[in-house]
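First comes the structure, then the notes that go with it.
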Amino acid sequence: MDSAMTIILTGFDLLLSATLLWLAWQLLRSTDIFKAIIFFICFGLLMAIAWVRMHAPDVALAEAAIGAGLTGPLFLAALRKMERKQKKERRFDPEEKRDNPDKRWQVRSREASPLMWIVAALTLCFAGLLIRTVWIIPRPLPGLAQQTAAHLGASGVDNAVTAVLLNFRGYDTMLEVMVLLLGAITIWSITHAPFPPRLPDTSPVQKSAVRLLLPLICLTGGYLVWQGAYQTGGAFQGGAVLSAALVLLLISDFLWLPDMHSLPLRMGMVLGPLVFLSMAVLGIITENALLRFPPEQAGAFLLFLEAACAISIGLSLAAFFAGGRPASDLREKPYQTDQPDTEKEGS
Amino acid sequence: MSWENALIVAILMSSFLPGIIIFMLPEKSTGLRTSLNLFGALLKMTLVVIMDLAIYYGRVFHMRLELMEGVELFLNADPLSAMFATLSSVLWLLTTIYAVGYLEGSPNRSHFFGYFSLCVTVTIGIAMAGNLITFLLFYEMLTLATYPLIIHRGTDEALAAGRSYLFYAFGGGGVFLFAVIWLHTLAGPADFTSAGFTPQLIDNDAPVLRFIFLLMIAGVGVKAALVPLHGWLPRAMVAPAPVSALLHAVAVVKAGAFGITRIVLDVYGIKNIIQLGLLPWLMTLSSITIIWGSLRALQQDGLKQRLAYSTVSQISYIALGISLADHRLALIGGLVHLVHQGLMKITLFFCAGNLAETLGIHKISEMAGVGRRLPLTMAAFTIGAMGMIGIPPTIGFVSKWYLCLGGITAHNWWVIVVLVISSLLNGAYFLPIIITAWFGKQQGSWPREKNFGRFETHWMLLAPPLVTALAVIVAGIIANAQFSPLAWVEFVVQEYTR
Amino acid sequence: MTIPEIIGLVSIAVALPFFLSGTVGMLRFPDIFTRLHALTKADNVGLGFLILGLCLQANDWFIVIKLVLIWVLVLIASSASCHLVARRALMKGIRPWTAQ
Amino acid sequence: MVSAESWIAVPVVVPLAAALLSFLVRRGSLFISLAAAIINVLAAAILVNQFFVSGPAQYAVGGWDPPLGISLRTDGPALIMLVLTGLTGVAISLYAWGYFSFRIDQPARAGRPEKQERFFWPLWMLQLTGLNGLFLSGDIFNIYVTLELIGVSAAGLAALSGKSASITAALRYLLVSLLGSMSYLLGVVFLYKTYGVLDLGLLQKMAGPTPGVIAALAVMSVGLLLKTAIFPMHFWLPPAHANALAPVSAILSGLVVKGSFFLLFRLWFDIFSPALPHTAFSLMGALGAGAILWGGIQALRQQRLKLLIAYSTISQLGYLLIAFPLAFTGGNSQTWSAVLFMASGHACAKIAMFMSAGTIMLHLGHDRIRELAGIRAYLPVTAFAYAAAGVNLMGLPPSGGFIGKWMMLIASLSTHQWLWALVLLAGSFLAVAYVFRVVEQLFVIPPDAPFIERHPRAGLLEWPALILALISLLMGLIAPYPLRLLDTGMAPQVVQVIGG
Amino acid sequence: MTNMLYSFTGLILFVFGLFALISCPHPLRKILGGNVMSTGIFLFLVATSYRTDTASIDPVPQAMVLTGIVVSVSITAVALVLATRLQQSANRAMNRREKKNEGGAAEG
């Protein structure tokens, strides 16, 4: 029975790998950016399936929620902002993309320049080298599986990945949450959120759908955070789902970001990292080691930490999608996309 | 920090601290600046004289600071360094007085005097360096301290002169650094000792040592203005008179000559150098420089350019003396010329400065009949010129006399021939100046005449040349007295010819 | 193999042709509106049968509730997005395909 | 109740807290960040003191020991870089205070200062956290996260000035640092695949010349060389540094570039030195030589002051790479400690130079080298600071650069590698040329020098630059202390391999 | 066997992303390449620790990949905002130029 199973599985693996590579290849060669982004979203979803195949459910959830779920819309929003405003109303139809006057960005030359061939050849032999090295590396060593299993009891959670993520290598996660906040701060420092072009009338269907979906999304987000302790899930996956809720609000004009006051937003974004940092300092004071949780209440601490992080991750990812700081923040008039540029050309 | 260390540090600090304070002073506080300068100069001179007395009676002064593993900043006051230190501190006092008078009313003087005192601190550092690495440190810092002085006027010509000075100085500095490090890897960290490095080092890599010697002489030769490397000196004459006086009589050029002495006597040691057979090369190079300098001086119409080329040739007298180091008399002649040339050249530059400052004369052709207008200055100039030619009572005669004696004892007729020809050439380019000054008739008015009341020029501009002219004669007359430069040199040479 | 598991397998088998028809429809249909039509209709019904089959096989009520919740979410999401895409296409001036 | 050895966490936790608070509480962000920078220096000093008392320390974060948890390590090289970052951090914060207060008073001369200052402090504090985290961390994946933290905050800081030129440079810089950290991560994966361990100490014991390790190191080194802007891959550095705000270009040139170089140094000398073939070291030397000559020549050709300084950074980084072949071929163990000593000297000098360039740009409105004459009349301290920093770049005594150059020349001559010695000398000649090209203009006061109105708070702009320049100038005299700190830091097993 | 297959897929994806990042002119495509590259490395990392019996799966690579995904989304977002800001100012410049020569054409 299991020999049949392995054949099916290897067949599935080959098919999956082939499609992944084909999608990546299409991503490069497709003439039109919009098409490339759609391929990228499919690539993200297929990667989620690959993670499931690799027995890594947490990563699959994260990849689906963040990799495909959030990065896709990010790219689409960026593409729309980069569109040059035609005389008429902004055209978005993919078919008419080809005669877009702004030719500069298309992959024009079908026959790649010689430099391209050199670069392609170099990367190919680089790939060959890498694969040869991987081929001759002996059977992989057991890694840290035993150690994590041994200490899992003292970590306060049952799910091994969450234990590693928050307790054993909590310092990594603290810095990584900082990187997320740093991304949001950098985006806020570059521009302020542009005024979304007010469509004549957002259809009632969209408003009611959003009104219906929102509670469900928040419920699933909270559940994912709670589930992280003993099953797949956790702060990142929960946060990503929460950010989906916020993105929905942004799209359907419930939230008018440009003139929102920035303090509540900032507090929310800083909540997770601040809780993480105070836990670390608490660890020094009580357990005399950075980021050390008291063994018996470790579970409770970790859950509180995950909840706080989920909220700030949700807000940061939504800030990524918004693409700028609230305009009311620095009392600046939110500029339309084709207003004279405020910055002064360097002398 | 025993008494000896404190003295050496005090000598260095006596000009470094006033320099730093002067940097901070605003432009208009001239009184404070001048008094600080003079106080620093006087203090330094007294300390140096105290040190000379102590050295004479056998005390040892040194100070060590560990820079790296096995590499130390070592300041040691041996008789040779005391001589150079005394020379520079005395002449610095006189030049400070002269500079205060010369730069009255000109812009950004705090900047000038700040670097002026830094420059002398570095010169004293060069004098008292105890090992090759300390010498190298101060040698490279000298370029930094003197560069702002050269471009002080800010004209394009000054900038061009500064650029060529930098090119030569850092070129030489780089080559010297390379040679010092190479020797360091071969012979290890060695202090200056009269015996030089250990003899058996020679038998396994003699050719390398010869090449290192060549590099070192090239490196130091830039500042000692040996022939192929002297290009920067005439161009640096564009600097104000006190700068060219101090730089080309005491600090830069002497540092180069002092460097050659240290390398030959204390790094290699006389016996080793003879074994390697390097002295003849040094002799031919210095003789060529002597002749070449004098010939070029003949063609110069600018007074300061002519004096510059005469410096180029006079410095090589010292190198000539050192190249006959195995003969005691020649060595004495070379070393004593180090002091004498300083005194004579600074007198000439002071007088040239007076002419430029009070009458606006830069060319020799404009000097006709200047003797009547500036009698005392021209008198000092004449004494200095006679000293350079080597006419008896002056110290110039003393050093040339010893050099000839050394040449004779070494049975090296070439040295005698070079000395005679150069003396004739000296006469050829100095005497016409004196003749036009005293006996020529003044054509029209002076280009830019200023009168300073009672004396012919500002008293601060007149006193220093007179003092140095007096010294040129007195030191010549009392040459073998107990405390004359000659006696001190014999005390120095005693150690090397034991 | 108990009765509910067999019915579950049957309903999963029934779901497959719906998905197939939805995909074929999406590829073969001439314009955007008919493709949307095929996708949302066929796939939702297929998903319904699939979820029914899985619920029968699941042995824990909690999972059944989760599965039904998934089906409800997919229904709302796909219908809303299909409406929006169609509306956007109309506003951009794409006329539905007609016979001639 | 708080144990002494938990001071090791302070350099990471305190700037992190300051970043969060300054993002939250906008008005007080300046003073929070200044306080954090000062505490950071204090912590570095205490760690050095502890290091001299009890030698290298290892601190398990979260109480889990290395194979599972992450460990923070303090050894000689890490502490040198910590002290350097601390000192320069305080100086940069003071300078930024003066810089932004200057720009807010005269908005006519500057872009949108109010926005820039508001976001400068959180980004700068996160940058400081990333750097301190990188120096202390003992876990290769944790180093990847700190590299990202440094990369993104550096790109954010570079884009702060808002000009489209700086945004292009920031985007290119971000993509380059993404490429660099991705190849570093690939190296981490190879190492984890071969040894199954992430901790540096354990890797050092296990490291051997197996193909996995060599592949990992090759890929990691390419990534890190890209992030350190070494010669062939330096294209992104000059536009990023020249168009950024003055305190930002000081941070980028002085500290960020040193961070990834430090990691390269640690990998090549501390952890995997036995596993590396000799040719790899001489390849690095060749890259270094190329960097010195190319950077120097380009610096000579620049018309703008900040571009000149940026290209001189590329040239000076070449010096640091030349020490790799010198240290490997049995030069005494002094040589590789010379590398870090020279790196810290260069960092102080480069930051002082960018600060003076920033002050000049603020007062004159432009930084064209030809029209700089007469600065000394109104900004004497800035002119002197630039000159003093220049002395260090040229490697003249008594500066730290001289001691570094000296040690490297000794190593190259004692091992008969003439080429490196000649390149070092050529490099310092080029440095003389491009430093004096500017100093010449600074020190000359033409009669028609334009009147520059000095800002009342210009002291804050000039004195940090002067102090840093003097530190780099006088480092040569106090060289034995940092060098002794460096020697004790290395694990004995490595030192005798390098011919210590 | 699955280890090797997925490791190779991961490596090839890494190389694809590298090629895209280097060669494509459009910034969006470069950022897409960056994402594909990082996903490739993560696949290679997790593929090394794949075991058939799920009990002995090593959780550390999965934690590393989770951190990696979040970091790469943050970099992508920043890069996208930079690229958008850049393109907008380029568009604005083009609009101004068009207005100018349109104005010119109208008068001329």
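Here the chain labels run A, B, C, D and E in written order, and each chain numbers its own residues starting at 1.
We take it that contacts are C-beta pairs under 8 Å (C-beta built on N, C-alpha and C of every residue); 3 or more make two chains touch, one makes a residue touch a chain.
From a predicted model like this one, the values you see are computed outputs, not experimental measurements.
Common neighbours of subunit A and subunit D under the contact definition above: E. Path length between subunit C and subunit D in the touching-chain graph (shortest route): 2. Separation of subunit A from subunit B in touch steps, taking the shortest path, is 2.
Centroid analysis (C-alpha atoms only) places B farthest from subunit C. The central chain here, found by comparing per-chain C-alpha centres with the mean of all protein C-alpha atoms, is D. Centroid distances from subunit A, each centroid being the mean of CA atoms, peak for B.
Centroid to centroid, with C-alpha atoms defining each point, subunit B and subunit D lie 43 Å apart.
Between the CA-based centres of subunit B and subunit C the separation comes to 100 Å, rounded to the whole angstrom.
Rounded to a whole number, the gap between the C-alpha centres of subunit A and subunit E is 11 angstrom. Annotation: 27 Å between the Cα-based centres of subunit A and subunit C.
Under the contact definition stated at the top, not a single residue of subunit C touches 2 or more other chains. For subunit A, residues touching at least two other chains, in rising order: 130, 134, 140, 142-144, 148, 169, 172, 176, 179, 182-183, 186, 190, 341, 343. Looking at subunit D, one finds that residues 141, 145, 148, 152, 155-156, 159, 164, 167, 186, 192-193 touch two or more other chains.
A complete list of chain pairs in contact reads A-C, A-D, A-E, B-D, D-E.
Subunit A makes touch with subunit E in their complex at residues 9-10, 13-14, 17, 20-21, 24-25, 27-28, 33, 36-37, 40, 43-44, 47, 50-51, 53-56, 58-59, 62-63, 66-67, 70-71, 74-75, 78-79, 81-82, 84-85, 102, 105-107, 112, 116, 119-120, 123-124, 126-127, 130-131, 134-135, 140, 142-145, 148, 160-161, 163-165, 169, 172-173, 176, 179-180, 182-183, 186-187, 190-191, 234, 236, 313, 316-317, 320, 323-324, 337-341, 343.
Note for the complex: subunit E touches subunit D at residues 14, 17-18, 21, 27, 30-31, 34, 37-38, 41, 44-45, 48, 60-61, 64, 67-68, 71, 74-75, 78-79, 82-83, 85-86, 89-90. Across the interface of their complex, subunit E is touched by residues 141, 145, 148, 151-152, 155-156, 159, 164, 167-168, 170-171, 174-175, 178-179, 182, 185-186, 189, 192-193, 198 of subunit D. Those residues of subunit B whose C-beta lies close enough to touch subunit D in the complex are 23, 65-69, 71, 73, 107-108, 111, 136-138, 140-141, 143-144, 147-148, 151, 154, 158-159, 162-163, 166, 170-171, 173-174, 177-178, 181-182, 184-185. Every residue of subunit A that touches subunit D in the complex is listed here, in rising order: 129-130, 133-134, 136-137, 140-144, 147-148, 151, 167-172, 175-176, 178-179, 181-183, 185-186, 188-190, 266-267, 270, 273-274, 277, 280-281, 283-285, 287-293, 330, 332, 341-347.
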